[in-house]
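Per-chain numbering from 1; labels A, B, C and D assigned in written order.
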Amino acid sequence: MTVMRDDARRERWERAGEWPLTVAALVFLLAYSWPILDPGLARTWVTVTDVLSWVAWAMFAVDYLVRLLLSTHRARFVRRNVLDLAVVLLPLLRPLRLLRLITLLGVLNRRAGGSLRGRVSVYVAGSALAVMFVASLAVLDAERGAEGANITSFGDALWWAATTVTTVGYGDTYPVTTQGRFVAAGLMLAGIALIGVVTATLASWLVDQVREIEDTSRTATEADVDGLRAEIAELRAAVERIADAGDVSGR
Amino acid sequence: MTVMRDDARRERWERAGEWPLTVAALVFLLAYSWPILDPGLARTWVTVTDVLSWVAWAMFAVDYLVRLLLSTHRARFVRRNVLDLAVVLLPLLRPLRLLRLITLLGVLNRRAGGSLRGRVSVYVAGSALAVMFVASLAVLDAERGAEGANITSFGDALWWAATTVTTVGYGDTYPVTTQGRFVAAGLMLAGIALIGVVTATLASWLVDQVREIEDTSRTATEADVDGLRAEIAELRAAVERIADAGDVSGR
Amino acid sequence: MTVMRDDARRERWERAGEWPLTVAALVFLLAYSWPILDPGLARTWVTVTDVLSWVAWAMFAVDYLVRLLLSTHRARFVRRNVLDLAVVLLPLLRPLRLLRLITLLGVLNRRAGGSLRGRVSVYVAGSALAVMFVASLAVLDAERGAEGANITSFGDALWWAATTVTTVGYGDTYPVTTQGRFVAAGLMLAGIALIGVVTATLASWLVDQVREIEDTSRTATEADVDGLRAEIAELRAAVERIADAGDVSGR
Amino acid sequence: MTVMRDDARRERWERAGEWPLTVAALVFLLAYSWPILDPGLARTWVTVTDVLSWVAWAMFAVDYLVRLLLSTHRARFVRRNVLDLAVVLLPLLRPLRLLRLITLLGVLNRRAGGSLRGRVSVYVAGSALAVMFVASLAVLDAERGAEGANITSFGDALWWAATTVTTVGYGDTYPVTTQGRFVAAGLMLAGIALIGVVTATLASWLVDQVREIEDTSRTATEADVDGLRAEIAELRAAVERIADAGDVSGR
């Protein structure tokens, strides 16, 4: 019982923290993207974005710690939330904090309503755009100063992200730094997932359409069998009425 | 009731306008592609194509306005037809007017008949070719004059479209202008959709084939259950005949 | 009836011609590939391969003509066999004659037996290899003499085919001639089909596996319903026996 | 019976040899990767890795021979284990010995438990990483000394493997030697399989989700029909009780 109350407290915290963390992700987005998009940013503003970035980090760190403390099985909590820990500890994985913004997609989706396939499509389109945007920022951050780099403006970075996520890969723009290549590898995985989800959604739709059209003889449903059962129950009542009558007549 | 009559009037307009708009799209196709395909076109003819282009634009604009005026819920109409508005207002999206030509594919398909998968294949092949053609024109229009461009003839543009839509992307031809890159991004999306539809059609076909072959025991259909119900009804009639006879014999 | 006898005669011809045409395709393969693979071939042997090539062409042409003459509805025959006619008339499509060799794959498959998915896999692997081989020959034939070409040996051509069919497209080798680009476009389509078939086969297998494992409650089959019907028939017999007895007892 | 005992002996050997061979594969991994990763390795250590490599080879060779000798149908054994023989005889296919390490993935999976789709995902992610690692080593081994090579460090090789397996193929790094191109062809096939498995897993999941949500009317299961049968059996008992009573009354 203590276990359950403890885990319930953690879940309450997580529900309460959903929106503050989304705000923290938005703050981080601003603090992360501004200096990258405007390389000639005044010294003061760079300091401001640095401070905002640390504030966002602190919020993620505090959230992780509180959740860890509220957990009963702490070892299991750490094992199951490795990504959350990595996002807090490794500066390289900072951009992943923006994944929190998927919460916003969820809200958008709830307002739009619609079928499962529709919701999957909204998530995929939204995530693909978000991932492309973040990857463009990250790769530009890594490449800009590098020697021999061919991604030197945000336009180039977006174009590179488009050629990468669709797996076209012309080769006119590509990362040359190790950090940029890690970003690229992540984006390629996103691209494969994107192609997979598009194909899977289409396949699922087509399978359903074909089934609907070609199935002229529908399979028997529970309702049909329930109808049968009702008929048999009535029949049994009729038989029992005879039995009673027979008892009377045979007495 | 007023609402319904109004929307009925809009729908009548849309049905009546289907073919004129397809003709407008064809006129636009001519006016758009001719100066691009023949860069040394005489001054007079350039003027002619300009005029034709404006005529086609006017038809699309008038169509949009009439449909807007005939709608009862105008705000909703605008919201649901954002693409139609964008195609009229934004010169960059002009080529999308050619999407109207898909109507022709629909006619072709109706004449060919065939299964759902067959129709999907015709649409996909037709759309892929049309999109490749339009993208080639658009990219050539954007790239021809640009510095350092490597797409300078219609043959190059078609070849570039083929390498892009199949996501091969050798990188011997690629757009260098912002406008050309937007065209490319659209074509890449078309490519992913193409791969998705091809895969999905094949998967749907294969799933059906495997099911057909391996399903030796067919599931019970409604017809089977209806047969059962008829048998039970006859049985009940027989029982009731006894009950009547019992009443008689017991009297 | 005349119609049927005529079409039957054409079908008999087609069945009888299957193997001779496969041999013609093999002869053509030899005559086509030898001068391409060995550019320094002696004058005499070039003449020999030319003659062999014409012999193979004649066999395909005669086959087409006889099938046309044996058809009752000739216009329909032409319409339905456009590819066969094109392969005979257009020198550019010559390599497509080698598609006849798929007959050999069919034989291989019949000897191997196995499930539908297994047979699909054999066809796909075989066709992919055959198409890559033919495309390599065709592209090498087109590119070898061209200015600025980067595919100049059969090894390069095979490597180019591998990067194209898998849609990787590094861009170190790519066709520069119009003819070579047409070959490439065909190979890219084959690549998309290849990815599609691989994915579809895996998806079909996975869907089946998941269904098999998760379906603990099997749906009612016709056999179950037939069992029910038999029970009800016995019940009816019992009721009728009572009815008869009732008649007796009530008499 | 002798046949069965012999095959049983071979199977016992295979089960007993599973772990020693995995160890041999690990030893080979060390002996294979060390000199490639550290080109300036001291003479002594190169000799040590050579010896280890031969030891691993000997273990694979002995295993193959013993399995061959323990087989009753030796011709069939050879035919069915062509890959095992090739891995022993052809130095070029040496890296395939590392496929033995998939045994480790199996163990990992058994400890993780989970659904079929989960297990497939673990295998795919594990195999993809392993294949990328081995392909990087093999391509670096082939390319390092070659003239005009652009893959000259292990970082480059890993980056090349990532662009290849995802079919992005920028073209900044690609093999130029024949041996490297064979490695690349294998990796491309792995890439197509990877995309296929990802798509198939997503499609299978989506098909299931849609089916679950949209199936409000569940099909009749065997259990439903069994329930019906029980009701009819009771009904028959009632009818027979009447029949007995009728016999009594009619006596």
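Convention: a residue touches a chain if its C-beta (ideal position, glycine included) is under 8 Å from a C-beta of that chain, and two chains touch if they have at least 3 such contacts.
Because the structure is a prediction, the values reported are computed rather than measured.
Chains making contact with chain B as well as with chain C: A, D. Among the remaining chains, C is positioned farthest from chain A, on the basis of C-alpha centroids.
Averaged C-alpha coordinates put the centre of chain B at 41 Å from the centre of chain D. We define each chain's centre as the mean of its Cα atoms; on that basis chain A and chain D are separated by 29 Å. Each of residues 167-171, 195, 199, 201, 203, 207, 219-221, 224-225, 228, 232, 235, 239, 242, 246, 249 in chain B touches at least two other chains. The touching residues of chain D, when paired with chain A in their complex, are 155, 159, 162-163, 166-172, 194-195, 198-199, 201-203, 205-207, 209-210, 213-214, 217-221, 224-225, 227-228, 231-232, 234-235, 238-239, 241-242, 245-246, 248-249. Per the touch definition, chain A reaches chain D in the complex via residues 116-117, 120, 164, 167-171, 174, 176, 178, 181, 184-185, 188-189, 191-193, 195-197, 199-201, 203-204, 207-208, 219-225, 228-229, 232-233, 235-236, 239-240, 242-243, 246-247, 249-250.
Only residues 167, 169-171, 199, 203, 219-220, 225, 239 of chain D touch chain B when the two sit together in their complex.
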